[in-house]
Amino acid sequence: MMNLNPVLTIALPLILAFTKIMYRRIANLFLIVGSLINIFVVMFLKEGQYLMGGYRPPFGIILQVDTYALYSLLVLNVLFAALMLLVTKKAENLTSSSLIALAALNGLILTGDLFNLFVFLEIATIAALILVSSIKKYHQAFNYMVAGAIGSTFYLLGLGLLYKQYGTLNMARMHELMAASPSGSAVAVILIFIGLAVEIKLMPFSSWAAGVLKNADEWIGPMIGAIYGGVMMIVVGRLFTDIFVMDAKVRLMLSLLTLITLVGGEAAAFQSRKVREVLLYSGVAQAGLEALLILNGYPAIGFILVLSNMTAKYVMFLLAGYMAEEAGGDDFDRLTGVFRSNPVHGFAFTVAGLSLAGLPLFFGFIVKLNLLYNLMLSHSYWLPALILSASLVEGIYMLRMILGLWRLPEGHRGGLQVRILGSSHRRKYAVYTISMVLSLALILFGLAPDNALSIARRARGADTDGKPLVLITMKGGIGQ
Amino acid sequence: MMELLSLSLLFLGIYGLVTKHHILKMIVSLNVMETGLNLFITTLGYQEGQIAPILSSQFPSSALNFVDPLPQSLVLTSIVIGVGTTAVALAYAIKIFKDHGCLDLEKIEGRL
Amino acid sequence: MPKKQLPSRFYPVKHEMQTVEAPAEKISPQQRAETWEKIAQYFRANSLWMLNYCTGCCAIELPLVMTSRFDMERLGMMPMATPRQADILLVTGYASLKTLRRLIYTYEQMGTPKYVVAFGPCAVNGGIYHDAYAVLNRLDLYLPVDLYIAGCMPKPEAVMSGFMKLIELIESGKATGWKDYEQRYEWYKKNQLEAVGEVFIHDEFHE
Amino acid sequence: MIAYQSIGTALGMALFAWLMQTGLSGVDRKITARIQKRRGPVWYQNFRDVFKLLNKRSVTHGWIFDLGLLIALAGAIGTAMFMPMAGIIPLQGYDNFFMITYLAALGVFGRALSAGASGNPLAAIGVMRGLTQNIGYKLPYMVLVIVLINYYKTSSISGIAALQQVQGWSVLKMPLGVLVAFISLHGMLGKKPFDTYLAPSEVASGPMVEFGGKYLGLLNIAHEIAVFVEISLFVNLFLGGGATLAEFLLKYMAVYLLSSCLGAVMGRLRVEQVVRFYYKVPIGLTILQVLLFTLLYGGVS
Amino acid sequence: MNWLSLIVSLFLTGIAGYFIARIKPSLGAWIAMAASCAALLLVLLGGDALPGGPAWGLIRFEVTPLGWFFSLLIILVFSTNGIGSLAAKGRQHREPVYTMLYLFALAASLGVFAAENWLALFIFWEIAVWSSTFAIGLGNGRKGSVSYFGMSLLGSLMMLFAILAMGSAYQTFQIREALTTALQNPGPALMVFILMLGSSMVKLGIMPFHIWMPPAYTEAPDEFAPALAGGLSKLGAFTAFLVSAYLPISGFMGGSWRVKGLPALSYGLVLLASASIVFGTLMAIRQEDAKKLLAYSSAANGGYIIIGILMGTSMSVSGALVHLLAHALATTTAFSVLAVIVRQTGTSRMDALGGLAHRMPLTFLAFLTAILSLVGLPPMLGFVSKWLILQSLASQGLFLPAAAVVFGSIGSMLYAFRILSTVFLGQLKPRHRALQESSPGVLLSLAILSGATMGLGVYPSGLIQYTAKIEASLGMSETVQTAGLSIRGINGNLNALLIMGAFLIGMVIAGAIFFKAPRSRKVDLMDTYTAGEFIYSPELYHYGTQFAAPFERIYEKLPSISRVYAALASLTDDLGNLVKYLFFSPMPSRTALWISVVTILLIWGEVL
């Protein structure tokens, strides 16, 4: 068995990104080959710590490959590579920034150093800004940039305060020191949380998401809406579970923020009448839920929820962007009945939507079931009730949208008003394949979720309070 | 003292971002904010009466009376990133000006 | 009251009754039917339900007949709401072009056996309206009238006695106008058509 | 199993019901006439009417028209076959109140079906009015009977009647209720002022508008039997049935003649007035009565 | 053969049916029919001793008498409806996916009825919900499927909450074990009971939750509406039976205040169900659309079932079971007939129809049996159930619910007559002269359904014996008794055969008189009494709109509950708008402002 160094996942895309400048003609090839090689690398990663430049921790930068990072990387790279299959003429100009984004996202997951995290965060943001500029909504992108800049400033400010207090940037060391004397670190933790909250789209800070994702095409939507959001949430999951120690008050305040996000996001999505708007607001709401779980000591559930939502959102944004581009808009009326002539798209979109809404047969249900069960085990009834109310709203608008897209327009007899032709065959079949494969994966994991659940448990074994995670699996019933 | 000064610079930047609608003014505010932050981080490592962390013939080995060099190197990175961000922002500004003919976001939003 | 002394025009136009010879010994089905018919006639005669088609002023006499002074219910007679339920059609006055159509319609909706009683001179010869452009002078050209009650208007006593006469006629099997109508249907139809003409526009607003 | 003899008794009961009630309706007509200072017909006039009707040749509006009528009569006869009278209980053990009510309702439904099949909108209007009124008077009536059933712990009509012989009549226990029941009965009998659904000039006798000849005759028979069932129910449930047949018949006639006297002196209400009356007075009184009864005899634990 | 393989093969047939129907659309209906009929045969022959099959993780099956009864009921509905919709030429029906959704819904329902644990039950429940949602979505409307899904989701989330509360508190998901444990530790028992019953009520359409029924039944494809109304809405009753049998209110609220021997909570819920009966009946009387009328009547009939279940006596539970079957058979028949009508005339508005009995007499007869059963008249099955429920209400002395039940059954006469009179009787519209009698397939299914309605109504002993078996299997101490052909009630007996006999004797007598009397003349429908007026337009001569106007006028101001839901939805919309306005402005300065405000607030909160 090969044992590859994880730095390859960061370095390879970077190298390719810069060498590509010299070979403009085969830019596509760079993208596809780069992302596929990355998958290959990730598959042969071994768990452990990898030192950069030979400094022993806590000095120097280390890359941390644990189960959490490994499976996050796997999902990230697979999704990213799938997106690369979609390369179009337009995307060729974005080859470098895509590869840089991949490198930065890999780095975000892998790094064991807080400042290095900041660097990757900034690189990822800048790459994202360049990617986003491809949809030609520059003032929306400017909004994103400003928000991102303030966010990273806050992160760095918080990090500076922490450094002043504890004198280290290494995550593991930071955790040790912080656990020993947590007092006085709260302001810094709050600042860091706000900095990251901009990226994970928590509510008062997420106006950029609305601007960007409302107009996202099938390339930007999955990239920003699903992959970026997911990876940022994974970062938050690592920071606020493994590293920072919060007291109850801070936790409560931050949870309040996430709760507002959950409720407000669902309401905004309920009110929306455009496919991508619905998706983005529901994404905001879900980010709230995920952050809530992570903050309150359910990281394993949060982790698997992130992965499941990421996949489902990816499929939906992909199809939504594609349909919007083909149909020239994405309001429900315009797209009514679009799935009648495109049943494959319809199938994938429906599966992803049902999974997102947490209906059985699909992965999302298992996640939601375990989530609620674990909440209930700790005798909290209000939180599950709130989450269930939110998912009621979510289910209603999701199904309303899906049914609207399946339903034939009024007074329509046979034939179709909206016909997706697919401007290029390759793109069309790429969308077909990607969405079908991913939605079948959602079904597969829904029917046999046990491995995924046990991986989640392995990744985030015991949560922060030391309570064991109890899982309801399909095969074995309830187990510790 | 220096911390507070640099922090106030940061807040000044944020104030600019909150109140201004002109893109160039916002970019300037961003830069002011970043500068404030960078200054703040640099002050973190500074200790009264210590020397620069440079190994020279004068100070060949002793590490105990150095100021902390790490924040300075961090700031170096941060400045580079700030430059990148500003470049992107200015590129946006040009694009927006080409699209809308002005740089006042309020006007652009009103016009949209 | 001997019929023969009255002028023939006061008679309804009637078909000659067929007299059937009684079979000799055993009770034939025909005989049984006859017996049955006799019993039925008793019931018919004593339970007369009427439908008053108030075409003219004679109808004003009917309330008197119904109420406590004369009380026709003691004869088993009752007013009824619809032609389906009724046995007698009372034509209380003249028949105009418009009412005749309705009279015929109503008469044809009644179940058999059914009887027609006409009031006053208007039904016989048009009475005081004999020269009016819209009044038909002889009712029995169009409907088989079983009994006329004279008087303009007939007094309640006359009405009562007319009803008793009708009962008598029915009981003795002589009120056979309805059979006549069935047998000479074409003849009646021809007269009716001549009188009221054909209706060309068939809807609710043109009649 | 049910013996043939009891089926014979049941059939006899139905026949008796018709004979007696038809005769009584003649008497009713006589009494009404006397109240109105008339002589009125002979007491057996209704028999003459029925036989005359059966001898007429009428029209039919199709097979549903016929079928509905047959259901109506069959429902009535079937109901009468279960009705206990004094000590005579035709089908011992099965004279269940709910069963009798629902079987009687089948007859009503058959009548409505036949009327509806006539194609005359007046008939449909009449049926609608009848059924609307039906809600008004059946509801308090049945609630009161359910109260009685709960009290006597049996839903057998003969059982309730027998218990009343021992414990005293229900009328003493629920005077208000019996008043309501009587109003309801009056409505069920279709007497004035509650005969809006039959209004002859307004809707041309409502459901019966298209019935003539044998149809009207059969309907008449069904109606008389239904009246028998309704009054017998009232007598059995509220007036203690009867120890002897004579007592029973005496009560029966008293109730019926009281109802017809009342009907003879009243005018007809309009349909809205009927509906509003029923939903105010009888239901209000019923609620009061049920509360009183519960307080006095039931009790909340 | 076992239950697992039955369900799995139904699912697989559904998927296969989709692909086959894509190739040849006409085969889809045949596959749906054949699969459901095969399932019927299997379940019927296998009986309730059919093995559950191997456990597949959480998915474990165990066939109980109650589950078998429900399974038989739903397969009967699905298979007869499958036979009936063979000839349907409807657009929706020919969608390939219809076959798949139809069989998925059936398979999932079977899974619910035989599930061994709550989680499996919930999984299948939800599959049934979404597959039927999409099947409804194939129909003509926008509102129906969404409100169906919304309300169903509300119900199933209530159920999920209860399941997880039990699971987390007692560490078991086994149906019986969880409920009986809950009974012993009455901590969350009340919550579990309320939520479980709430979810049943949603499915059955009890009052505050009934709003999905009218739009869903109206807008569902005509071929699916029977399955939905007759079959799928009965899922709710199943859990209600389980919960009230294993977790009776008297068990965990034993010492509390009682009304007439019932715990106050039961009494309150019974009153809610009674309100549903009254409200459903009133609304049904008011409807102008035949499907909506039947939908509201379903809401009313759900009330009877809940009352029967909650009273918990042997007779009432048996009555609820019989009523369930009676209502399933009757609504399936009624909706199948309406499907035929809508297919031929294109409308289910009652004032646009009329006189159809003359064009489709056999269909009319089937509809008549269904309507008689809905009203609860003998000799139909609906009578038996109403008798049982009324008997137990009377013996318990629950006068208010009894009044509601009485009101429901008398009021149902009004709307039942209305639908008969306006759709089948009265004047035939000229444009409907060419209507055809239903196809043989439809007639076969109608014959099966109405035969069952009438046959069981005349001879209910076998059915009652089986309900007694169900009661015994649910652990009830006493079960409903039969003696020979009659049902032994608490205070009276019922011999349906005897009633039928008396009725038949009456029929013979009536027939004898009828045929002895002179033959009648057959006349046209337009030849009616019109006070001498001439009429020519059958359309104008049909009494179809505002049928019970004098009655409707009394309650025309009755508040509608759907307004509450609409208000909730618009409240959510407003909140969404507010959120968008406040937090999602495209101005960077607004974002910056929010970031600083929140930061200041948080740090202030921390410092304090």
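Order of writing sets the chain letters: A, B, C, D and E. Residues in each chain are counted from 1.
One rule holds for everything that comes next: a contact is a pair of C-beta atoms (placed from the backbone, for glycine too) under 8 Å apart; a residue touches a chain by one contact, two chains touch by 3 or more.
Owing to the predicted nature of the structure, the values given are computational and were not obtained by experimental measurement.
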item	value
Neighbouring chains shared between chain B and chain D, ordered by label	E
Chain pair with more C-beta contacts, C-E versus C-D	C-D
Taking each chain's C-alpha mean as its centre, the one farthest from chain E	B
Farthest chain (mean CA position) relative to chain A	C
Computed distance of Cα centres, chain D from chain A, in Å	75
Centre distance in Å when chain A and chain B are each reduced to the mean of their C-alpha atoms	29
Centre-of-Cα separation between chain C and chain A, whole angstrom	96
Averaged-CA centre spacing for the pair chain E and chain D, given as whole angstrom	34
Residue numbers of chain A (touch at least two other chains)	139, 142, 145-146, 150
Touching two or more other chains - residue numbers and ranges from chain B	14, 17, 26, 105, 109
Multi-partner residues of chain D (each touching 2 or more other chains)	55-59, 204, 209-210, 213
All chain pairs that touch each other	A-B, A-E, B-E, C-D, C-E, D-E
In the complex, chain E residues that touch chain A	57-59, 91, 97, 119, 122-124, 126-127, 129-130, 133-134, 137, 142, 145-146, 149-150, 153-154, 157, 160-161, 164-165, 167-168, 171, 173, 569, 572-577, 579-580, 583-588, 590-592, 594-595, 597-599, 602-603, 605-607
Chain B to chain E touching residues, read off their complex	14, 17-21, 26, 105-106, 109
Touching residues on chain D, where the partner in the complex is chain E	1-2, 7, 10-11, 14, 54-64, 66, 69-71, 73-78, 81-82, 91, 93-94, 96-99, 102-103, 105-106, 108-109, 112-113, 116-122, 124-125, 127-129, 131-132, 134-135, 138-139, 142-143, 146-147, 149-150, 153-156, 204, 209-210, 213-215, 217-218, 221, 271-272, 275-276, 279, 290, 294, 298, 300-301
For the chain E and chain D complex, residues of the former touching the latter	258-261, 355, 357-358, 361, 364, 368, 372, 375-378, 383, 386-387, 390-391, 393-397, 399, 402-403, 406-407, 409-411, 413-414, 416-418, 420-422, 425-427, 484, 486, 489, 491-495, 498-499, 501-507, 509-511, 513-514, 516-523, 525-529, 531, 541-543, 547-548, 550-551, 553-554
Contacting residues of chain C [partner chain D, same complex]	40, 43-44, 46-47, 49, 67-68, 71, 73-76, 79-87, 109-113
